[in-house]
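Next up: some structures, all given as structure tokens.
Common to both upcoming complexes is subunit A, partnered first by subunit B, then by subunit C.
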Partner chain A sequence: MSAIPRLQHHFEDLPKQAHAAKLGMWLFLGSEALFFAGLFTLYAAYRAHHPEIFRLGVAHNDLVLGTVNTFILVTGSLLVSFAVNALRLGRRTWAILLTLGTALAGVAYLVIKGFEWARHMSEGIFPGGKGSFFVENPEPAWAIFYTAYYGLTGFHVIHVTVGVGILAWTAWWMHRERIGPAAAYKLAIVSLYWHFVDIVWLFLWPLFYLLRNPA
Partner chain B sequence: MKNYLNHETTIWSWLSTKDHKRIGVMFLVSVTLFLLVGGVFALILRLEHLTPDSTIVSANMYNQLFTLHGVVMVWLFLIPAIPTGFGNFFLPIMLGAKDVAFPRLNLATLYIFWVGAIVMIYGILDRAADTGWTFYPPYSSVTYTKAGPVLLGVFILGWSTIITGVNFITTIHTLRAKGMRFMDMPLFAWALYGVSVIQILGTPVLGIVLLMVVMDHNFDWGLFDPARGGDPLIYQHIFWFYSHPAVYIMILPPMGVVSEIVSTMAHKNPLSYKAIAYSTFGIAFAGFLTWGHHMFTSGMSEFNAGIFGILSMTVAVFSAIKVFTWTGTLYKGSVWLRTPLLYIFAFLFLFIFGGMTGVAVAATSLDIHWHDTYFVVAHFHFIMVGASLTAFLAALYYWWPKITGRMYFEGWGVAGAVLVFLGFVGTFFPQFLLGNGGMPRRYYHYSEEFQALNVLSTAGSWVLGLGLLLVLVTLIWSLFTGEKAPANPWNSRSYEWMTPSPPPKENFFETPRIQRGPYDYHLPLERR
Partner chain C sequence: MNGRPTSPVTILGSYGAIYLLVVVNLVLALAGISGTWAVVLAVGIASLQAIVVALFSMELLRSRRSVVVVSVIAPLFVVLLLVLTVVDVYTRQPPPLDIPPIDRTIPSPPP
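Right, the complex of A and B next:
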């Protein structure tokens, strides 16, 4: 037996309540998109100011690690989509495992990202143009590039971390509440957030790893 | 009879409530408190300008005071006031719903608001920021004052705003009563829809850029420091991308209030429901394309400036559509000249004044002359105080019977309205002349030739302060001795008047079925 979600007193029926929850998540993601849009604007403007150093900075990043991370995140998104489908079909155990798989992908991403940051710091690259790297490369644009790098990837990492937490909690919740198809929409909403986090990375990947060749 | 106020009376029942009406009331109390705080700052500022040199505060403190006045008024009063107070209270009732879509999140917005406010107050008590409410870098990155907590407070408040926007749009889409189409909604709901769109799309952009300034200020990131390859102009662009639409966050809900009160007090259909509803979105949309007009003097090509100037003027077209529709609604109506309508008259007069000077400053050639002078200060106070605050007061009087179950005192209401209007004009009209004469804003000292007008402005601020005090005192007094309010004191057709005053906990005793529009004044009033 699986539990049916409780109908809150102000909704007529469950489908309407589910619709409201989904709509709310989409609106929130619209807001999140604009949050990152501000950061992308910052990047675009500074790249336009200092095209050459931004290109060199991108080339300095590890293309392989960035691409592996892309692969990991997209795989995670795929898994959570399967999880939603599994829950709709009533296969709770599969849904839980697949959701945990996505959370694991998130953790793998964080580990690789942390490794990249650690490497940058060992080279003397810190936000705000601090560290030995900037003594050797005194042009101010280097500082701006790496501050933008830490800023943008940092905000993305915060989102990934929150996402991993929510995914893990959702897996636990599915187990504890014996969630069935009727509440699959809740997992679908969580997956929406994860897809969003994934899509943001699909913008960060070119901005910080791919755009490295001279025009 | 049990209603939302007395079905439970413990303090905990308020603090833990998920009832949108109680949350709305708590927001109203909170923003009124901050209106008082911001108002006291303003009175001190005006007092300082009584003489051209030092009067009562030091130059540093003057810088801090105009910053705090701006920050408190913008983020703790103007932006939240009508949506979180009246919006929370009336949106579900107007839609025939029992609550907003996400009641728990709704309560969270109140707490987030208070956390943001407390963080901000901490920054205020300990070396308050002196950057101006716009926090322009590079100064904001290096100021010795506590800009960090104030910026962080604004960032936190942003979350409250965003969640409110998400909640309102979802509520409008999913919780309209059976039979209510979008075009049957009261116009206040349309205004809240429009403002929610701006809140959702604009606020995060402000949030991120202020967070960047926090990084610059507290951790020396140097993102906007020209010496380190940064560009302060980019800050200005991103800041105004939100903060100009923020003006429409402050004015669209008041416009919704005007639409309601005009129709009710004229007992007449709006001249065109559609014109009011659609122009809301015209303003919300055009509002996102005008931000550059704040930067005509900060290094912008003539071409860009021209485009931004023209786009800014389109806002006036949509606003004019509303103003003409409202006046057309009043024409040949059976008008009840009560306190709320008096404030609406003040709104119309001051809004047209503020709006038309806005068109004037959108013209680049004129803006160069007026930029950073008291002319601009007068212009935006005509919108923010002249329009937004008067509409807030109109809403307060209009919905007072519904919220509290008591009638206010008509005579005192009228007296307050007259004082507020006269005080406002006395305070801010001289500032147009001062600015045009060349007095710059945010300067501690001014030339002696400006003193006469400054004294007039300061005297005006006392009248305005007195008027607001009178409003506050008489309204609180009416809570205890006012007449019991009937369900529908204005003979309105709008849905919120179909339930008792104050409304029961679930808003209606039976699930409402919508059989007529909210402005069907040609139909007889149903008695219950």
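Right, the complex of A and C next:
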């Protein structure tokens, strides 16, 4: 297999093909931003309406686990930035290792998030306001808070899972020499997706873990 | 987009700034800042981090104008949706998200 990407017939040259791919990913990320905007707006509207219960809900979440996950995702982003650099410089082995490191960071995030969800469920907090917690706390805003929590973090988890899969697939393609320095734009496009996932979490972290102090 | 590699100093510098902002956000929360200012500061710091990631890691500084346009317009629409919705929730009377009390009385059967 050649590491030089095939020029599609409708492009004049590889730089134009690479730019089209990059623009396509940015358009996709723009639509993703609008998708998450709806969920963030839901959170903002209900927080404005039920500030005290949202504050108590945030205080109930585990700040340490949320913060550890923040450092893990930021580190994953750092690694994939170096991976793109390594591939551009022709250091394929380093690019593969750094890309796998990013995927591992994603797996670590998913394990911690799973542990956190399991702890919530052991407390009787299930998606959709189901569980014993909501019998003991019948105020409807509790169900709204945890529905927003599971909804937003759930969609984020889906994105992280997809990202881990794409990163692992890209590392495999680099190993098979189907992506080399001449096609480094493919890894750069994958990194764009991962950085977007990182940005979404940088907003989720304060909204669900930090804004906990009483007025 | 294959382009030239980014300087390792730039990568490390931008991520140093992001880690620092994570710590600042955490310290502000632990310091007990609350109310509207807490929300403004926390979301403001997250926005700064997003801008640093977009400019350096996502290479917006080195991108063509067509890419920059997309990267600016999408967040603008996000902000527009958020601001208009929150302003509506804060200002509309009666409050739009109030759940009306449920009438649980059983209507008496007709004689």
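In the analysis below, the second predicted complex is superposed on the first by the 212 of 215 C-alpha atoms of A that agree within 3 Å, B and C clash if a C-alpha of one lies under 4 Å from a C-alpha of the other, contacts with A are read in each partner's own complex, and residues count from 1 in each chain.
Here, a residue touches a chain if its C-beta (ideal position, glycine included) is under 8 Å from a C-beta of that chain, and two chains touch if they have at least 3 such contacts.
Nothing here was measured: the structure is a model prediction, and the numbers come from that model.
After overlaying the two complexes on the shared chain, residue contacts for A:Pro140 are found with subunit B and with subunit C alike.
Applying the stated contact rule after C-alpha superposition, one finds that A:Leu27 touches each of subunit B and subunit C. In the superposition on chain A, A:Leu89 makes contact with subunit C only, while subunit B stays out of contact range. In the superposition on chain A, A:Leu56 makes contact with neither subunit B nor subunit C. In the superposition on chain A, A:Leu65 makes contact with neither subunit B nor subunit C. In the superposition on chain A, A:Ile112 makes contact with neither subunit B nor subunit C.
Once the two complexes are laid over each other on the shared chain, residue contacts for A:Ala168 go to neither subunit B nor subunit C.
Annotation for subunit A, partner touching more residues between subunit B and subunit C: C. When the two structures are aligned on the shared chain, A:Phe11 is found in touch with subunit B, with no touch to subunit C. Once the two complexes are laid over each other on the shared chain, residue contacts for A:Leu104 go to neither subunit B nor subunit C.
In the superposition on chain A, the residues of subunit A contacted by subunit B and by subunit C overlap at 19, 23, 27, 30-31, 34, 36-38, 41, 45-46, 49, 140. On the side of subunit A, the complex with subunit C involves touching residues 14-15, 18-19, 21-23, 26-27, 29-31, 33-34, 36-38, 40-41, 44-46, 48-49, 63, 67, 70-71, 74, 77-78, 81-82, 84-85, 88-89, 140, 181-185, 188-189, 191-192, 195-196, 198-199, 202-203, 205-207, 209-215.
Every residue of subunit B that touches subunit A in the complex is listed here, in rising order: 92, 97-103, 162, 165-167, 169-170, 173-175, 200-205, 207-209, 212, 215, 219-223, 227-231, 234, 237-238, 241, 506. Against subunit B, the residues of subunit A that register as touching in their complex are 8-11, 16, 19-20, 23-24, 27-28, 30-32, 34-39, 41-42, 45-46, 49-50, 127-130, 139-144, 147-148, 151, 155.
Residue ranges of subunit C in contact with subunit A, taken from their complex: 1-6, 8, 11, 15, 18-19, 22, 25-26, 28-29, 32-35, 38-39, 42-43, 45-46, 49-50, 53-54, 57-59, 63-64, 66-67, 70-71, 73-75, 77-78, 81-82, 85-86, 88-90, 95, 97, 99.
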